[in-house]
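Below is one structure, written out as structure tokens; comments come after it.
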Amino acid sequence: MYGKGLRALSISTVVVMAVALGLVFFWVPLEADQGFLQKIFYVHVPLAIVSLCGFIAGGLFAIQHLRTREQKWDFRSYVAIHMSLIFGLATLITGSIWAKGSWGHWWEWSEPTLVSFLIVFLLYATYQPLRFAIEDPERQSRYASVFAITAGAFVPLNFIAVRSSTAFVHPRVLGATSNLPWQMSLTFLVSLLGMTLLFTTLCKYELTVKHTRAQLRALKRLAERREGKATASLPARGRSAAPRLQATAMRAHTPEARAR
Amino acid sequence: MSTAAIEVDGLARHYGEREALSGVSLALEQGQTLVVFGPNGAGKTTLLRVLATLLRPHEGEVRVLGSRVPEESWAVRGRIGLLGHEPLLYRELTARENLSFHARLHGVMPERIEQVLTAVRMGDRAEEPLRTLSRGMVQRVAVARAVLHDPELLLLDEPRSNLDPAAVELVEPLIGAASGRTRVICSHDPGGGLAEADLVLGLREGQAAMLAPAAAVDAEAVAELYR
Amino acid sequence: MSATIPGAQPIASPERTAEAPPAAPRRRTTPTWSVVRALLRKELLVELRTLESVPGMALFAVTTFVVFHFALQRNSIDGDEAAGILWVTLLFAAILGINRLFVADADQGGFDGFALAPVDRSAMLFAKVLALLAYLIVLELIAVPAFGLLLLGPPLGHALPDLLGVLALGDLGIAAIGTLIAAIAVRTRARDLLGPLLALPLLVPIAIGAARASSPLLALGHAGSPAARWLLMLGLYDLVFGLIAYALFDFLLED
């Protein structure tokens, strides 16, 4: 159910990323002002875009979760946000490197994208502590979904707010993605595609692994129950920030269910 | 429209990977009393809260007073009285203020507040903040809160805890068999519980270990549940 | 409180006989406005008895101004700086109130008692937002004059009406987001920590808009008027998050 297409996805990710890297390092011309450092642009901006889309996707999945109450949506929401947080951290790091290279300091308040990103990152960094702090799994999923939707709506508003407020003291190099020569545009797009594929593949991978583990646990429980052992004898798992798929996932694969 | 006060069919509710309730089915006619026995953690409180529309069933069908829960919960709220482990009262407010608050929530006339305060003999202590009152007194006010809106169905979780024998007698007309209401009571007292039951449900680890009319059950069978 | 409550059915006796026929489902929900009033009344009563929120918020704000005086080593500030310090202080004082907002309900069974009633659950959101707004207004009645006295260089006089407008817009946003986050955080472990952590990033745009809008009002010399774009931004933010809070609040009240 989850593992379908994982191989095809992984292969295409590797291929596109390889092409992107090749384009970045060997083909696209150097940018006049900044030289080699500017190439971070092809990594930093796609990371940012994918990360933000991931956060919003997390919010959309959360909406589905609240509407249908199906756990799989909360699962997807969690993985999307979790992965976006990692990509977001990478965004901040690459942005910081670029700032250091361009202006000599590791942070730049006048760059609204970077600043908005920091705020969004700080917000989503509280997502896992929030989940971890709620023990009842059903309530954990529900509260996390409410938060994911709120935060998802926050992302665009925050960008507008910060962008309005930033004094354009420095030329906005990081944000200038229009008026690029076609080679740079192409490289950028390929890189963006690669990042998107990478994100999707990693998410799918995490979903598959967790789902498989859940099915394994369910099978174990089923076996123990058949043997007459009380299920209470299973070691209690500790609190976790991640949602756990239920044994009910198994029931979809019973013969009666398949016959439906 | 059936006349059963409660119809439960295959109710399941999980807490993570643990089944708090699974495969519970029962039917209770109006005016009857269901007593639920079971060790701690068996799912008694969960069942009560599902019937109170506070928890939604994860599987199965639940009908309370003719309406499906949770789809039609709105039709049922206001006709159920819950008396759980917590009094659901604000400690900083007086008895009268607490009851007044609940009366406004339920759209109940103010005269009713005085009626129930008198019925639980808290009329003269009604102007003191609850945190200054003893547990027994707070429990009496909690009883008053539970019946304030004259519910058709009473859900009681060990209602006589914190009450001295005199107080137990006092609240009997309000929450006892004589009140004529349909009742579901969680109890740890086999003797007393059986005496007032029409139907007995024994829960163990979320499953119905026993479901029978009270006449067919003896105290020994109930004690078995706890072993 | 009037003797008759609209929509209420008079209940005659506490007892009923077993033979009484069952009534058809009474589709009676208590009107939302009277529920909001009841909730607000309860809220303010509890606050008056415990004085848990408002005095703490006000005291915190005034103390913070004193701390700023020493930390900045200045006797008077104006313009951007003043706006920033005022709004940061107000925000953090608001957090104190937000942390306390649902505590009594969570600890004393207020959620259950409310959930059992035949009411529209959004009424609790409205009531809590109004309560938080009330606390913020009282906070500002104390903190803003204190600010004018202790730290602010230029006199507040002319700028006051405009400042009140900015305060109002800021308060609405703080109240909407604060209530939603308070409801999320209250039934978690470490609720006092999670509340601020969740709320502060969400309140950043309000801080931006309110500070930028207040800045010309607190400037030396001829005080200007706030730029429309900041007021617009605040208004938009308030609207969006007000709607989001309204849409999502019910999901937090289920168990």
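Note that the chains take the letters A, B and C in the order they are written out, and that residue 1 is the start of every chain.
The rule is short, and it goes like this: a residue touches a chain if its C-beta (ideal position, glycine included) is under 8 Å from a C-beta of that chain, and two chains touch if they have at least 3 such contacts.
Note that this is a predicted model, so its numbers are computed, not measured.
With centres computed from Cα atoms alone, the innermost chain of the structure is C.
More contacting C-beta pairs link the chains of B-C than the other of the two pairs B-C and A-B.
If you average the Cα atoms of chain A and of chain C, the two centres end up 33 Å apart.
Our note on geometry: chain B versus chain C, Cα centroid distance of 35 Å, whole angstroms.
The mean-CA centres of chain A and chain B are about 46 angstrom from one another, to the nearest whole unit. Counting partners per residue, chain B has no residue that reaches two or more other chains. Looking at chain C, one finds that residues 254-255 touch two or more other chains.
In chain A, no position touches at least two other chains.
Per the touch definition, chain B reaches chain C in the complex via residues 3, 30-31, 49, 52-56, 65-67, 74-80, 82, 84, 86-93, 97, 100-102, 104-110, 112, 115-116, 119, 129, 145, 147, 149-150, 152, 173-174, 178-181.
Of all the residues in chain B, the ones that touch chain A in their complex are 14-19, 205. For chain C in complex with chain B, the touching residues are 1, 3-5, 7-11, 14-18, 20, 22-23, 25-30, 34-35, 37-38, 41-42, 45-46, 49-50, 104, 108-110, 112-119, 254-255.
Residue ranges on chain A touching chain B, taken from their complex, read 136-138, 217, 221, 230-232, 237, 244, 246-247.
Chain C contributes residues 180, 184, 187-191, 194, 197-198, 201-202, 204-205, 208-209, 212, 229-230, 233, 236-237, 240-241, 244, 248, 251-252, 254-255 to its touches with chain A in the complex.
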